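Here chain A shows up in two complexes: once beside chain B, once beside chain C.
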Partner chain A sequence: MLSALIWLPLLGALAIGLLPGKTEANRFRSIALVVASIVLVVNLLLIFQFDPNSAQMQFVENLPWIEWLGLNYHLGIDGLSFPLVFLNSLLTLIAIFATNKNIERSRLYYSMLLLLSAGAVGAFLAQDLLLFFLFYEVEIIPLYFLIAIWGGKRRAYAAMKFLLYTALSGILVLASFLGVVWLSGDSNFDYESLRGLGLPVATQLLLLAPLLVGLFIKIPIFPFHTWLPDAHVEASTPISVLLAGVLLKLGTYGLLRFGVGLFPEGWAAIAPWMATLAAISALYGASCAIAQKDMKKVVAYSSIAHMAYILIAAAALTPLSLIAAVLQMISHGLISALLFLVVGVVYKKTGTRDVDSLTGLLNPERGLPITGSIMILGVMASCGIPGMVGFIAEFLVFRSTFPIFPIQTLLCLVGTGLTAVYFLLVVNRVFFGRLTEKLERLPQVKWSERAPAFVLTALIIAFGIQPNWMVRWSEAQTTSLATIDGQILSQNSQKLEISELKNNFTQNISTPQIISTEMSQRY
Partner chain B sequence: MSEFLLQNCWLIPLYGFIGALLSLPWSLGLIRTTGPRPAAYLNLLMTGLGFIHGSIAFTAIWFEQVQPRELVLDWLQVADLDLSLAIEISPVSLGALEVVTGITLLAQVYALGYMEKDWSLARFYGLMGFFEAALGGIAISDNLLLSYGLLEMLTLSTYLLVGFWYAQPLVVTAARDAFLTKRVGDILLLMGIVALSSYGAGLTFSDLASWAETSPISPTIAALLGLALIAGPTGKCAQFPLNLWLDEAMEGPNPAGILRNSIVVSAGAYVLIKLQPVFTLSPVSSVALIAIGSVTAIGASFMALAQIDIKRALSHSTSVYLGLVFIAVGLGHVDIAFLLLFSHSFAKALLFMSIGSIILNTSCQNITEMGGLWSRMPATTTAFVVGSAGLVALMPMGMFWTLQRWLNGSWEISWWLLGVLLFVNTLCAMNLTRVFRLVFLGPPQPKTRRSPEVPWPMALPMVTLTIVTLLVPSVPQSWPFWLSLTPPLELTNALDIELGIPLLIASGVFGLVLGATIDLRRADARPTQTFLRFWQDLFAYDFYIAKVYDVTVVWAVSTISKITSWIDRFIVDGLVNLVGWATIFGGNVLKYNVSGQSQFYILTILLAVSLLLLWSGITGQWSAVISNWLSSANY
Partner chain C sequence: MVSTTLEPSKHKLAEYIHLLESGQALLKDSPEHVLEVVGILHSYGVVLDAYSNNLCYIADNQFLVFFPFFKYFNGEVSRERLFHHWWHERINFEYAEYCMKAMLWHGGGGLDAYVDSPEFREAVEKVIQAKFKNNWVILGLHNIFTEFLPEQMRQMAYYSGLGQFWRVMSDIFMSLSARYDKGEIKSIPDVVQHILDGLVADANKPITYKVTIEDKVYEIIPQSAGLTFLMDTGVPYVEAIFFRGTPFPGTISYNAQAYQIPHDQARFAYGALYADPLPVGSAGIPPTLLMQDMRHYLPEYLHEVYRKTLREEDDLRVQICQTFQRSMFCVTTAAIKGLAPHPLNTTDPEEQKANRAYLENWMDRFVTSQILKANS
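After this line comes the complex of A and B, so read on.
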């Protein structure tokens, strides 16, 4: 079942690549659409069979692959990966659908897109460190081509930057994985057997450091973020959707799965530092976004700011904060995908994304009124207006991290406030005002161009009103991740008196060693 | 039947929302053949249904003495957090809901006339339905989180309604400012909610009250928490320092202005009243409430005096009365706060209906270009007079009775409070008289010469509301206590109590006389004395608060963002590019070494070896090497 999720898109990519003769572009598009739809259907089938109450891996497939290396083809799905796998297949379908029908070199394009999807889903499903690494690297290659071939003017620069950054990220992750296996003396890379080894905290920190840097590049967290705005600006719309919606989540997923899962005590020891970094990253992304003139750059920087909330939630390491991190991943995936789609439509119709040269697009007769309305809705969702998924995810993040990192949380909340500033500036400039003569003859937006945005909008509102539909899949798993032997891992579990906590806070942030010794005493 | 409707009264806000959804096909332009009117009718129908439903439920709980109850919806249980949403079914909440649906219904009928020629009538009605849903929800919500959510929806719909005519430049800035100002308050409120929830308080208002009694947090945190919770309503109620949006929001369509100046600002204050128990935790909160309220009440009274835009002249007075509500909440006089909201809502809604008629007829908002309308528009004039009388504590109307209840000895009154009330009453009377004289009296001017009375869709709600406003005094007369069941105090002989009411009437008369005698300035007349000009400009430009914000907050945010962006481009990214450039440059330089000449390679080797030797010589490695040799030679 799980293999199908990986191999179907791979086979589809192969079929598109090997289909004989010079077939017209639409043939490849329909094949890709069919494959992506089948994958989505398989996912829907999974929903019915998935047991949300179990904290165990489900649908496990375990085949020995290269035994002397300790590499197994070990797949499994749990509450942590399930929403992301679903998000991936949904956004893949949307990305294919949103692709320009007359795209050049469509054979390569669609096969790369499917390969990308297969790589991402493989990474989410892998239960073997080395296997995860393989998929993590596999996904870079198609994305590099997708940016370098179908990108904008500076695509070569952006794609190379992306490649170097993520390759470095991969090396660091690999170094950490190898270190785990060597230092623990284990013979294989299996995730389950490497959990709960109880490595000394110092060792854990040593191994955690490269892993964190590697994943921070991927997420991205300040100061490792500069590849992202470039990549987003140069990539075409569907690629931006996938990049923001799914591929960045590989980083945060890695944080939760491997950072928390393999090095819980080390993680808890440096959590205050990570929370501070997350707060800086959120504020940094937000204030950079205010100064941007390119709509896509605004969304890209807002992406950096919003991904930082996942880091702070993961750092807090309580059952509530981990589920909040998962929700924020879903919420960011849906909302940023929607925003990129809408910006893409505006770009396609007007030929520019420059905030200064666009105005009055909300005009009901000659502008893009429905696109504008969806943009306003997406922007509001991103600002965290209740009734949409952004609010509940952010609320849970802040609510769960506040008792542990009050000051960092408040800084992140300021970042949320700034979201309204930069997005409102964009909306006011681009959609309000009077339509200029230059923009008066805009082509009509077809319903097929709007359809993907409508699907995402519906999900954003549905999950916003009924967050239970998201929470139930992951709660069991995140709770088990945050606890060992029924004990909550977070160093400042919420039983602490709040006043005491306030006093502790400043000490904690400056002296993580003390906590780490406490942690090591416990084990 | 009534029991069923009572049990399901949570549906009432949804009527407006359904109306908004039903008008989607027209506002999205899917149905064009019918014109936008059907959407308006559908919305009216839904609001009407909501009003009828609400009325039946209200009469049931009011007259049949049904027990108040709470409906709980388990919204989200996750980990150790329980987010349940609660609806309160009580005379107070249903009464508030009744006011909301009633005024909305009237405003929507009114819009039928006012917005008649607008091409996006359907969108307007959709937004009004959304507005109504959020307002109605706040009225019956018994949960801070739910109220917060609805306040945010209100922020959103205010943004969209103010930005309704988005092609005008002033509207664009007004909508932006409205959203951002409210958002500042909302974010602080959200911080407060997050903190409250983290400190173990349940989020229903009754839970908060009982939690506050045990007072489990330190004074500093209690003070900060109180300030955060006050910030949200401060933005919503247009109080200093978040007051400017309401003034600017007058660029939006007037039917929305009716709601905005009466029940929308009240929604924020309503939440504030419900949060009052939390403010008792820290004296800082009540001081802050009183300070904010007094500063706004006094400052906005001055601002109103210098306005020549008819809507702005009245919108500042909204801030004034909400300032009084803040003072009342700060003092713990919640019943009075309720009465103030109630009396103010009707009077202000009526005033805005009246000036809406004037604006529609004259296509002008500048009061210095008007005059002589009283004989041409009798119903409008009556509405203005009744609305003003309801607002000024002079005639025995709503505000008079409300303030009378405040000063009659049931509450502890200090002299400063009496001073603020007298001051506000004087200036309000003066301002309304001034506007009345400019608009209705005097000779007709070019823009007011041809102005017949408004058509029935506007006249009908206006006359209805006139009658309702005339009935409003019965509420403070008969039911002065909404939350406290008995009067907290029974003072009769204190000096301020005895003097309060006469002084209040005197202040009203004084304001009236001032307003009636001041020299009215028409458009062509600006004071020539610099002294007068200074004060006029100071008030007319709202004490230059907007400018102050421009050079402080706005400047700071934009500068910081520019600096960050510069750092991002040239330092963070610059470093990355430098590494890349250095790599390529290094490679390019080194490639010239590969010349193929063996002499060159030997020279390189020689150089490298001699450098190595030199380095070992300098750092004293040689001695180690030599001693090593010597020791091996010994064997």
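After this line comes the complex of A and C, so read on.
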């Protein structure tokens, strides 16, 4: 079943690429939409069969591939990867739907888009380090072309910058993986077998360093972030949606899966430094966002700030903080995708993203009132207003990290406060006031252009009101990841009152009973 | 066309002065403008008919009613009408009241003078005594607050005056539409002439107001008061509604404490000819209500024009407002022509000079209006 999630988009890409003769652009779009829809349906089927109470890998597929290299086609899904796989399939469908119907070189475009989706889902499902690396690298190629061919004016520069940074990221990740195998003396790259090796802390730190730098580039975390604003600004809207919604998550997923999973003691040792870096990144991203005039750059820098919350949550390394990290990944995926979609609509209709040129777009008659309303809702979600998914994720992040890293958490909270500053500046300038004469003749926004944003809005509100629907899939896995032999890995775990944690968990966010019972058994 | 012997005007809006002097209108003549103006005046005529009926109903039947909950129902209260009213897919009579209050507030003309006269006060006193003859509480309060009930009746007089004015205007606009359908109206000057003829024909129509209490008729504004349609309701209406208006919360928030609103009412420029057609957010802005009402009665040929625009029907109310402003410049042209000291096509240099001064005076008031946009 998991192979279908990888091979369906791959076959779709192949079919589009090999379709004979000159075919209409819409035909490629239809094929891509059908393939992406089938993948989403397979995901929905997974929901019914996935056991959220199990911390084990499910739907495992393990086939030997290049045995002398120790590479196996080993796939599996657990509570950590499940939400991201679902997010990937949803956002891929949305990205295809949001693509301009008359896009040039559509055959190549849709092939690349499906290849990108396959690469991302493959990385989330890979249970072999080398297989993860392969998929991690595979998604770089289509993304490079998607930016370089269908991007903005400075697309060549942005695509090359992206390629150089992420290629370096890949090399560092590979170096870490090779080091794990060589230093442990193991014969293959299987994740499960490498996980329980118990390497000395010094060795773990040595291997963790390149992995962290590689993944920090991907996330990206300050000061490895400079490729992202350029890539976002130059990429077309659907690509920005996928980039922010899914592809950045490969970095944070890698942190949890491999950073925490393979080097738990080493991770715990440098956790305070990572928390500090996260706080700096959050404040830096937010401060830069305030200074931006391009709406897309504001969202891009906001992305950097919000991705840092995942790092601080991962650094805290408690069951609660790890689930908070997963929730923040989902939350950021949905909210940033929504904001990029809305900015895309604004750009398409007005021809500019410059906040100084735009004003009064909320005008009910001649502006973009529904688009503006969705933007305001997305901004509210990003600011962590209760009732939306952003609140749940950020509340859990800060609630779980404060006892461990109080100062860094407080600094991140300042970053959250700044979210309101930079987004309200944008909203105030762009959507309020009177339309200028130049903007008085904006074309209509069609319902099909609004539909993807509506889907994301519905999920943002639904998960905000009923967080249980997200939390339940990952609880068991994140709890397992944060503990070894029943001990919480975090160095400062004693600061977190478990009884308080349970109470908060069960009363405040309505998490299922499972987390408290599991914890009772463990502690 | 009459050639003028005067030097060309150096006024900022000299172009429009010359247009008027040459027999044209403030709105440039084009087949598109004719279609739009006649179409919008058709729907305006239908709406004015409803407004007029309701204003007269309120003046005749709801006077001195302190809680006139059903004043918009014209005496036909039923559950269906109540739900229809709450659903808001209806004629917004609130706009008519807004116009009435603007007229009452800005005053001007014989009606304004008459409602402050002893005759009016005497007539009103009789009505108050008759209406509350068995209600000693109200009569007691009336003795303490002597201005309250007469002020209510002044307002009723304006209800009636505006109702009668709109009755005439509605008929003029409906007959204009009928003539256009017959092919008799072909240009903007034709439109202006039709309106001017209508105004002139009814210029001396008396404005009266009487109420009935227990089968006894009380004349509040008798015919002998000498109030007439054009000078006592028409001219004050143009002044109050087209020019001055009221600073409603729209695209601009006014701060009276910061002197953003002039002290002198005569310097107000918030009327229909100045209104920004682009509403921002706030529901219930009076001009928006009028556009909403006219939306229901657009003739098909005009609706088709709107459907073919960039936003199709998305910005229907803005398009209606823009067209409505164009039509109001035609009505204003008729008023300017009707009130001019001499015929605008005069060849007498002295008369031309007087007309030029008269027109420049008008144009001073149009400088900040939407006249340029209406013609763009």
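We take it that the second predicted complex is superposed on the first by the 493 of 523 C-alpha atoms of A that agree within 3 Å, B and C clash if a C-alpha of one lies under 4 Å from a C-alpha of the other, contacts with A are read in each partner's own complex, and residues count from 1 in each chain.
Heads up, the rule we're going with is that contacts are C-beta pairs under 8 Å (C-beta built on N, C-alpha and C of every residue); 3 or more make two chains touch, one makes a residue touch a chain.
Computed from a prediction, not measured in an experiment: that's the story for all the values here.
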Chain B versus chain C as contact partner of A:Arg434, first or second or both or neither: both
Partner chain in contact with A:Ile385 - chain B first, chain C second, else both or neither: first
Touched partner set for A:Thr226, first chain B, second chain C, both or neither: first
Which of chain B and chain C A:Leu424 touches, first, second, both or neither: first
Touched partner set for A:Pro443, first chain B, second chain C, both or neither: second
Broader residue contact with chain A after superposition on the shared chain, chain B or chain C: B
Chain B versus chain C as contact partner of A:Leu362, first or second or both or neither: both
First, second, both or neither for A:Val201, with chain B first and chain C second: neither
Partner chain in contact with A:Cys288 - chain B first, chain C second, else both or neither: first
Touching both chain C and chain B, counted on chain A across the two superposed complexes: 360, 362-364, 433-435
Interfacial residue positions of chain C with respect to chain A in the complex: 251-252, 276, 278-281, 310-312, 314-318
Touching residues (chain side chain A, partner chain B) in the complex: 161, 164, 222-223, 225-226, 284, 287-292, 318-320, 323, 360, 362-364, 369-370, 373, 376, 380, 383, 385-387, 391-392, 395-396, 398-400, 402-403, 406, 409-410, 413-414, 416-418, 420-421, 424-425, 428, 431-435, 467-468, 471, 475, 479, 494, 498-499, 502
Residues of chain A touching chain C in the complex: 360, 362-366, 433-435, 440-444
Residue numbers on chain B that touch chain A, as the complex places them: 28-29, 75-76, 78-81, 119-120, 148-150, 152-153, 155-156, 160, 163, 166-167, 169, 171-173, 175-176, 179-180, 183-184, 187, 190-191, 194-195, 197-199, 216-218, 221, 557-558, 560-562, 564-565, 568, 572-573, 576, 580
